[in-house]
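The structures considered in this document are given below.
Paired with subunit B in one complex and with subunit C in the other, subunit A is shared by the two complexes that follow.
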Partner chain A sequence: MTRGLLLNAGGDSVEGEQPRRHGRVSWMQSIPAYLYVAPAYVLFAAFFLRPLVELCYLSLTNWTGLGPKVLIDLDNYRELAADPRFWQSFQHNVIWMLAAVVVPTSIGLFLAVLLVRSSIRGRLIYRTIYFLPQVLSSVVVSVIWRWIYNPTYGAINSVLRAVGLDSLAKGWLGDSATALPALFIAWSWVHYGFCMVIFVAALQAIDETYYDAAKVDGANSLQQFWHVTLPSIYRPLTTVILLTVISAFQVFDLVYIITKGGPARATLVLSVFMYDNAFRYSRVGYGAAVGVALGIVIFLVSLVYMRVRSRLEAR
Partner chain B sequence: MSRGDKEASLLRLARRAGHLSTSLSALLFSLFVLIPFAWVIFTAVKSRWEVARNPLGLPADWQWANFAEAWRVGHFDRYFLNSIYVVVPTVLIVLVFSTLAAFAFSQFRFKAKGLLFAVLLVALTVPLDILIIPLFYDLLGMGLLNTHWALILPQAAATLPFGILLLRSFMEDVPKEILDAARIDGCSNSRLLYHIVIPLSRPALASLLVFTFMWTWNQFLLPVVLVQDDLMRTLPVGLNYFQGRYSTDIPLLMAGAAICFLPIVIVYVIFQRQFIKGIAAGALK
Partner chain C sequence: MEEWKEEVYEVILREGTCPVEKKNPTFKILRRRQVMNARLRMLFVLALVLATLSACATPTPEVVKEKETVVVRETVEKIVTATPPPPPEPVKLEVWFLSQSPEEIKLIEGLSAKFGEKHPGVSVTVSAYGYDEMNKTLKLALDGGIGPDVAYCSPGGITHLAYAKAGHLIELTDIVKERGWDQRHPMDAIMYPQKELGGPIWGVPFDLTNVGVFYNKEIFGKLGLKPATTWAEFEALLSAIKTAGYTPFSVGALDGWPLDHYFIILGHVTTPIAKIEALNYVQPGVSLTEDSFVQAATILKGWVDKGYFNDGFLAASYDDANNLFITGKTAMHIGGTWNNATFVQQADFEPGFFAVPRVNPDLEWHSLVTPNNVWVLPKYSKHQELALDYVDYMLSGEVAKALWDSGDIPTFSFATLPPATSGLQADVYRAGLATGIGYYWANNMPEFAEAEVSALQKMVGGELSPQQALTMMEESHAKEVARAQQ
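Here is the complex of A and B:
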């Protein structure tokens, strides 16, 4: 789950909504408001904005963590552009993102429709269960899935051996062909619950009369889904997709805990690449450049996505 | 049987098949979630020998002592306390500071309001994780590394933009008539906030509490980098450390994982309505 959750809500600008009854406000008149925002902004400036500026500054140096910080212009970024490890990580993030837009979101939507539109019994219990992985820390998730993938005693291999498919059993996390998909499955096991909860709320908000009208017209449940459900949840759906894209680029915990980017960089992603440079190879400046690049990618993707969406909505 | 009857019974059959398939898929998905949990618990109460011999089946001989052993060697009591020491102040700071700032954004006009607001929006897209490098060196310089403050202050700062925007969007909906009436009666801003706006924003505050609690409780990268002393580790990092030390003792590792997830799962099951409502309210506002 990401803090980006509110990107939607912020879309409405703050200036437009109150009529400017008394013209411009002076600095003096602003003082009471500043007193209210001051605690939040002081903390935010000290522990968010300042590190953000420092990150940009560090990315222009060849600092190792000790000694003087020497500015080296854009050398880190030039090196980054030519670094196969960087592009490999980037590619893994993109693959992750593409899979994430499809897999957890469709599972979440499917389960939400199941919970809201069908006459199934015990939906509260089902909803509670489906959302459960969301409350776990990534370390617990990693312990669970490592055990499932365990080459000797893990559930997958034990089941395969039990049904006589011994040849298919393997070290899922140790094989560079399967390590990334294996991590992605563990991540999806958590992420779909988040998509589902948002879809459930969105589906519950749909006016029942639309469905009644569709039924009168003889629409079957698939047609109802296409012509009533999907158009009605267009906005939440696009929000979920955006948040999923952002989470996919940010992914760190599971990869760092389970494979540390291995085997042979098969699961290396941008955030882990950043961490490695800064805290393992003592290349703080270079790691900072990776961080800046990651931040820019996420920012641009969000910006373009929201622009395109509002343009489509305007049509 | 007439043709109409035949069609009706076919239709009924199809409907029943539809019901059956939805129930079946609902059940299958819940097993997909629950079986891993059950398997972790079953593994936790097996002996090491039994795990090797019978990894999938139910435990033949329940070794509850594994839990006591994990609790003893894992320092989980210490990790639990650390997590609480970090989560409680973070939640308090985020709730109070966000409320104050959101109140100003929803009720006052002031200079640079648009700019201050835009900064919050941009901050939503900046992942906290990329700030870990400068944060490490900043906190080192302040002498705060290896303290709970090293985890509280950045986590609160990173959650504030979300908190302010969430609360503001709810406070905007407080009816203007109520506020104007109170102002005419000579109600000061602080009393307005305390007696009218906060009580009316209770659902939003509950939602923010749930989010802040979950993000802080499950935060991983901050404590990994900013706290190196075992005495200061929070629960997730403590479990990760435990995982590194006992990776071959699978029952003990599973008992440790169960110790970590059982309390949060119990809290979640008790408060699941609030959890789910809070998240949906935040997302759809």
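Here is the complex of A and C:
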């Protein structure tokens, strides 16, 4: 019954009737449809497929960026598998990803709940301010944070010295132990705005009656959050996490501008390692192999994540 | 409009009936067309009559001659009074210039404008790039068969010589002689960047750089110190500065390469030049784990342990380190003479310069005195002759004088050396004369350069001993040598 009604609403069938099954459409009849999608396919092929194929091809060569491209089979991949810098970069990306799932997502969610569920004044202004880092150019963000972390006149050390905590003042970007977390904080400062905006939209779509029902049942704010808010924004939340994970693997500009992967490779990530090889060390073939490996990593992580999400949803 | 309708309208028009239809716009158009057709028919008949009459009238010879005279006069008048031919299309010469110094970029822009003034219709656009940017952008452009008319780029095996090997540059060997560049600049300076390819000239430098010790004359004066000429004096100097409560050196180790310059300069005063040359040209027979390099690394680590560097130097950038020196927060700064103009203009005190003394007095004294970057001519330029004229101008005495006046040291052989524009320039010139040339030994091995910087950062950060750091460097160096041998 419901199915019939729904189909009726779509205009395909009427109640009680079996939905009409589409018969085989001849290729002549399909031509207009193909023509409609052709421009998109052409663009996709020109700007995604072709570069992708070229990247894979380059990864099998020893091209320096100049001169002939000599095929060297899988040598680049063999070297990559044994290269400690690759694994070090990969490790940094994994740490970054794990932290990214928690930090900017939590901050974004917290601020979104605060802005939507509370009755504070000037919510639009707060929302704009919180979102501001997201619209800033990454160069500007990098300069800001490089200044904040500056060992001599940086904001953090100045504050620490002002409150008598001189011993805690240090070169945040120069210490292998603190450089990666310092960069991650800068990245989170940018990224939480994106999470927040998605969550705000999702929270605004939740039916208020759910909260009313929860209140009638005696649920406090935390219980409302746990039993109403979180289940209601499950899909946006998991989407945000997926996008954050992907973006954690793609992080480049901030790292490159602030530390270039240093000091002593302490902040080296895969994208910077790829760039260095391709453009600084004149090893475009090897850089392409890093790019392919990075693409595979992102694809696999996304695939696993989506599978897990589907299974959880099916339960 | 359908045919039957048109026919109906034509009948109505011919017969002049059906007034209601006259309000119809189609009717109006057809009516207008009909009137126009009648007029055209009349004009055609008139023209035919006139043509027949004129054809019947035979002109006399006088009339013909007069007509010819008129035609000739009109033609001559047309030629004489014709507007002059349009001026040639303005030529735009595109120059890519490697520099991060605003003062230097401004100087080159000014000189390029002067070149434009000397060549009417020519305008020169100068685009400045940093080291990495230039290497990346120029390589991509040349590989794509495009690029600037002239480039001033980094010399070496992965830059201008690689472009030359790939066939992207115009060879300058004959041009150097034809244009007399070898008469204006010492051949040694011209040949220095070409060594790896053993002769053909692909790029020409026009100034020298030196890496040495910039010092604050005010602090030195207060403490009664003089520039060191021996290693023992240098160590005493450092100790005295530290004891007096000043920080001896500023370095921006976050950017990596400024720290590397400290190590390379110490390598030059501890290691025989033949070893350094082998390192520079990626030849076997030299190892970073040799004693002289261990000595250099140990000195550097010792300076860190004694607190000779600015606080948080590992997190400081190149600009931070320069700022610390020009604001008098450190007494010295080991750096390159490309900073001369900045230091002279911005420091609150008079800066001086001296070469790092030899650790071992038996060694030949070498420092990082090198010809700077090189002018190259991509073969894809549409204005090759003009591009050559531009480089010719850049190698002229006029430009050399302008460089000198800016505080730079041009490679130009002045008949009479112009007076120094600052005490710093005089110091740099003297220091350059006192020592032999040197090498940025990692320039041809960028992957090794990264390993060297990383190892040094780990060493000064206390994660590695000098020996461990050098072992890490050597692993990368050995790979580069093996790759070069293939």
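In this text, the second predicted complex is superposed on the first by the 293 of 315 C-alpha atoms of A that agree within 3 Å, B and C clash if a C-alpha of one lies under 4 Å from a C-alpha of the other, contacts with A are read in each partner's own complex, and residues count from 1 in each chain.
Operating definition for what follows: a residue touches a chain if its C-beta (ideal position, glycine included) is under 8 Å from a C-beta of that chain, and two chains touch if they have at least 3 such contacts.
Bear in mind the structure is a predicted one, so any value in this text is a computation, not a measurement.
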Contacts of A:82 with subunit B and subunit C, given as first, second, both or neither = neither
Touch check for A:281: first (subunit B), second (subunit C), both, or neither?
-> second
Which superposed partner A:151 touches (first subunit B, second subunit C, both, neither) | second
Thinking of the overlay built on chain A, is A:263 touched by subunit B (first), by subunit C (second), by both, or by neither?
-> second
Who does A:314 touch here: subunit B (first), subunit C (second), both, or neither?
-> neither
Using the superposition described at the top, determine whether subunit B or subunit C touches more residues of subunit A.
-> B
Does the superposition put A:143 against subunit B (first), subunit C (second), both, or neither?
-> first
Scan A:216 for contacts with subunit B and subunit C and give back first, second, both or neither.
-> neither
Of the two partner chains, subunit B (first) and subunit C (second), which one does A:170 touch, if any: first, second, both, or neither?
-> second
Give one of first, second, both or neither to describe whether A:250 is in contact with subunit B, with subunit C, with both, or with none.
-> first
Once the two structures are fitted together, what part of subunit A is touched by subunit B and by subunit C alike?
-> 65, 150, 152, 279
In the complex, the residues of subunit A that touch subunit C are 64-67, 146, 149-152, 157, 170-176, 259-260, 262-265, 276, 279-283
Footprint of subunit B on subunit A - complex, ascending = 1-10, 13-15, 17-18, 20, 25-27, 29-30, 32-34, 36-37, 39-41, 43-44, 46-52, 54-55, 58, 65, 107, 110-111, 114-115, 118-121, 126-133, 135-140, 142-145, 147-148, 150, 152-155, 158-159, 162, 189, 194, 197-198, 200-202, 205, 221, 236, 239, 246, 249-250, 252-253, 256-257, 271, 274-275, 278-279, 284, 287-288, 291-292, 294-295, 298-299, 302
State the interface residues of subunit B toward subunit A in the complex, per the touch definition above.
-> 18-19, 22-23, 25-26, 29-30, 32-34, 36-37, 39-40, 43, 51-52, 55-56, 93, 96-98, 100-101, 103-105, 108-114, 116-117, 119-138, 153-154, 156-162, 164-166, 169, 172, 189, 211, 214-215, 217-218, 220-221, 225, 235-237, 239-240, 243, 250, 253-254, 256-257, 260-261, 264-265, 268-269, 272, 275-276, 279-285
Counting only contacts in the complex, subunit C reaches subunit A at residues 132, 135-136, 139-140, 142-143, 158, 162-163, 165-166, 168, 253-256, 310-317, 320, 324, 446-447, 450, 453-455, 457-458, 461, 463
